[in-house]
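Once you scroll down, you'll see the structures, which are given as structure tokens.
Across the two complexes that follow, chain A remains constant while its partner is chain B and subsequently chain C.
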Partner chain A sequence: MTAPSGAAARGVERRPVARRRRRMGAAPFLVPLALIGLVSFIAPLFPLKGPNEQDLTAILLPPIGFGGDWAHPLGTDQLGRDMLARMIHGGRLSFQIAIAGVVCAGLIGATAGIAAGYLRGWVDVVVTRLIDAQLALPFLLLAIAIIATRGQSLPVLIGVLAIAGWAQYARVLRADSLALRERPFVTGLRATGMSSPRIILFHVLPNVAPTLVVIATLEVGTMIIGEGALSFLGLGVTAPSVSWGLMLAEGRNYLQEAWWLVVFPGVAIGVVGLLANLGGDALRSRYDPRKAIRSTS
Partner chain B sequence: MSELVRVEGMHVVYATNEGPIVAVDQVDLTIARGEIVGIIGESGSGKTSLVRAIAGLLGRNAGVRRGQLWFDGQLVYSHGHDSRAKLRGERVGVVFQNARESLDPVMKVGAQVSEVLRAHRAVSRTKARDHVLGLFRSLGFEDPRRVFDSYPFQLSGGMCQRAAIAAAVVTEPDLLIADECTSALDVTTQAEVVALFSKVAKEANRTLLFVTHDILLAAQCCTRLVVMYAGQVVEDGPVGDVIGHPRHPYTKALIDAVPLWQSRRQLKGIPGSPLQIREGEVGCPFLARCPLGTDRCAAANIEWVRPPDSHGYRCIHPLQLLETVA
Partner chain C sequence: MIHVLSKLGSAAVTFVIAVSLAVVLSSVGGDPVANLLGPLAPKEQVEAERAALGLDRPLPVQVISTLGDVARGDLGTSLRYEQPCWDIIKSRFPQSLKLMVFALLLGILVGVPLGVIAALRENTIVDRLVMTIALTGQSFPLYWLSMMAVLLFSLKLGWLPAGRADGWSHIVLPGVVLSLLPIGRIARLTRASMSRVLDEDYILAARARGLSATRTVGIHALRNAALPVVTIIGLQAGGLLSGAVTVEVVFAWPGLGSLAVDAVSFRDFKLVQAIVIFGAFIFVTINFAVDVLYGILDPRIRLRSA
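After this line comes the complex of A and B, so read on.
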């Protein structure tokens, strides 16, 4: 038997027809997204003013280019707090909430979706009904109901985002697992005496991992926007914590005289949401150009 | 020779939109330890359903309606009792048709074979690796280390098939089932894989069930042939007798349909196509395609006969020795 060289075999396999169309990679979107996240996470290392440090002698200073100076590059708010410091610290909290939400939603959604798709039977019936019920509930209504009854705190906020997001994972991963379980290699694994938990953990999960990554990326954007919406409505982050949504809510009253209070956090939420969505879409087409996952936002 | 597998009255039914279809029709079969049995028949003859029922790997839409299964003297399947899952991987190994598809595409081949071993035996990772590398070498891989660290897509079809065989025999099962596993390979690779199966079976006095539609391939490696048609065993005997003196017209037709490059003999197809059998249908299922069919064939189910001078078959007007010579 003559073995083809590894490179030749790889060359044939790795170039599916659809990839000949040049698609933009995910890097142009995900690298800036990661940079924004990184800057937020290492915020305490920067020589910045505290995000709640007030200076009532310097309120509502405009940013550089609009009459401001380098002491406050993005200007100050109504209490004289440095907008740059608040943007970075706000982003830090927004990202933390979003990532915690994505992870929680992913854990719930992936477990439910894979179990439903692989095991079928009553598990599938229950999970499918729950997904349908979840997708039928308006996000804000659900959030208001939960926060009204459970109180306002960071864990509750993350919980709300996770409950709002799990169904997306579950729906897509259920479909993926349904297709996977009919693949011959799963029968092959059963033939070697592997138990279902083992097949799910070591074979189904790695095979759906690309899908999982794609949804998680898309969900980062959804979560940032969701956190922004809840905080804006006063249901999410509360002062003295800072998040982009909260900054948006607080700056709203000064929109006429100080646009920068609203525009910076608003643009930040928009840009992060957009980068996550575009990056997720690019990842999706990279991993499987034929697979149609409906956008989660 | 001691008995390894005994199937009694195995009846497998598929649920379809047009109603239930009988895939395996009351099959009785006894297989001794160390036998190499070819199970042959056209697509849809029930050969794959039979071996999948033995391994407990029938799909969701299929079920064993009746029948019992003994493995090594133990009852492993009967109504309300099913312990076939314990046999899989431990005492029964299965190799499937499309080897590349039957390996996990995102896991390295060596890891997959090691995993099978580690799922059944308490061995360390390094011990498992050494064992699998040794097994790969004995299965004729020239560079076991490279294969061990390759993904299925990096290997040729034949190499994938070898790796799948490795995964099936790594736990030293008593029974190896090869389910149409040469059909997707080219002829030269087929010969190698068949030789490998014979070797793997003979070395360990392992029983092999070789399912194929290729009667010639089965004749190369098997000691016994079981011919199936429409879910029934229609002929069963030592390979030389079945090929040399087929008694059932279907077996004869299968043999006549084999192309032989030495002979200028006209190839003969079998007219018509296999029937789908429904529950409760009476008569010989081959009647519509049989050159010797009579009204008697349709009147009742055909009984299994085993004359003292011949192997067993299911036909009321078997081919005589003279006819087959001519």
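After this line comes the complex of A and C, so read on.
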């Protein structure tokens, strides 16, 4: 490839030294992520204006530093609504939808994946085929198809996200349970006559829990981005509710004269997505260094 | 040959299940006809329309009849345009394909070198920087990056056109934005794969024999590291098709994505369903091709399944 030969030469020779890995923990990513989530959740406690409170005498005010004042630190939108209030309330709904999606997807995916990996046989065949088929359907197009026949609502939106996410859990947890099944302590438990549901619940599940946490973390980012995309296309959250994706859809028409309507919610989604991805990766390498090296995603 | 046939069978099964899944998921509990005709439509009209569209039949019958139609190359008739969905898809797909091929090629051209550089400098600041940039491209929503690109390069700087699809200059902005997805994925995977290969004994042997570093990395390491990367290129097809939807909408690009979004605003669920099935077909076909290619590139796989 086009790697400059000088750099390549040094790289190859220096490898043994550079191989000593020093990895950062997950805390630098997950703490800010949790803080953003927390601020969103306690949004009603802040002395903020209502996210839908209009003030037509103060429309499209710029944020502080660009000619705005402290009355509206992040400026106002085309109806004079306070951007700071909308950002925090929007984040609240975005997080709620994402977490509901992560939990639903996790329940379906973990059940299917663990059952397939532990029970093998026809369950495994069916689940593996379903995972392959699910991954073959482009997420956004499938979501559009489901929403086209069912109309928009919050449960449909969460359901769509869960459908998009379950296969990830199922695929990874299946592989984990498959390996776990052959471990001596599990064969031992089986030999003592313990029932499969009991082994799965009390012995397999706790052992795959770290993997579950890693995928759930990564999926929070995916779900926030997915909700944003659907709301942006006008297929997710609808006014008067507020979510970051919906704010982007509304701000799009004012791209040229009021950049702050589009920049703030977009950066918020991106930062949350990035924190979730970085945090998930860091968690993964902490729980399983072997997988970190092969971090394929 | 056996390898190819077994992969073909597997691809066909996946496609059949994917189509069934699409039909079931978009039918269960939903009422497309009520959505289509609105809340004021008389009950008899709703019933008649439902019968005309075959939606009054039991779900398994609907699934099987859809599968039969798809096998005959019939993707149904669009409710809005009143012509076969296939004809409409056929007229729009080349534009999406152009965008996706552009993005994928750029993804390979940029992603592979980035991954190689990161692997050679593993755990240095260069590595961290490259990987963070790769992840950033994957974390920020594509439609937002599209809007930012329009704002910066079209509206403020006026360098490149945004919107429509005439001429090559129009593909640059949407193509580059869409390529961020494959660049990130390919760079991350190349790094992981390359890092593993560089630890192999044969790399050490090649160095010991006095082969230049360029030759070692460029030929011996990269060739072996390329295998998993080929797989991810196949899997990219699905992600690109989804990513293209929002990018197409922002850039008013006349491809399948914007067609699907238009169709849903006209409640043309037949056309949307046809696009989903077509998308699944593309995905399965590409992955079948990748599987076969993989067998050619790596004899170990071909021989194992034979």
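Just so we're on the same page, the second predicted complex is superposed on the first by the 271 of 297 C-alpha atoms of A that agree within 3 Å, B and C clash if a C-alpha of one lies under 4 Å from a C-alpha of the other, contacts with A are read in each partner's own complex, and residues count from 1 in each chain.
To be clear about the criterion, a residue touches a chain if its C-beta (ideal position, glycine included) is under 8 Å from a C-beta of that chain, and two chains touch if they have at least 3 such contacts.
For clarity, every value in this text was computed on a predicted model and none was experimentally measured.
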First, second, both or neither for A:S285, with chain B first and chain C second: neither
Which superposed partner A:Q168 touches (first chain B, second chain C, both, neither): neither
Chain A: partner with more touched residues, chain B or chain C: C
First (chain B), second (chain C), both or neither touched by A:R150: second
Chain B versus chain C as contact partner of A:D132, first or second or both or neither: second
Partner chain(s) touched by A:R198 [first = chain B, second = chain C, both, neither]: first
Touching partner for A:P206 - first (chain B), second (chain C), both, neither: first
First (chain B), second (chain C), both or neither touched by A:T217: neither
Common ground on chain A, meaning residues reached by chain C in one complex and by chain B in the other: 1-3, 9, 13
Touch list for chain A against partner chain B, complex: 1-4, 6, 9-10, 13, 120, 183-185, 187-194, 198, 202-203, 206-207, 209
Chain A-facing residues of chain C, complex: 13-15, 17-18, 20-22, 25-27, 29-32, 35, 112-113, 116-117, 120-124, 132, 135-136, 138-144, 147-148, 150-151, 155, 185, 188-189, 192, 195-196, 198-199, 203, 207, 212-214, 216-218, 222, 228, 232, 235, 238-239, 241-243, 245-246, 249-250, 257, 260-261, 263-265, 267-269, 272-273, 275-276, 279-280, 283-284, 287
Residues of chain A touching chain C in the complex: 1-3, 5, 7-9, 11-13, 15, 18-22, 129-130, 132-142, 144-151, 163, 221, 225, 228-229, 232-235, 248, 252, 255-256, 259, 262-263, 266, 269-270, 273-274, 276-278, 281, 293-297
In the complex, chain B residues that touch chain A: 55, 57, 60, 85-90, 92-94, 96-98, 101-107, 115-116, 119-120, 140, 142-143, 146, 150, 153-156, 158-159, 164, 167-168, 171, 189, 192
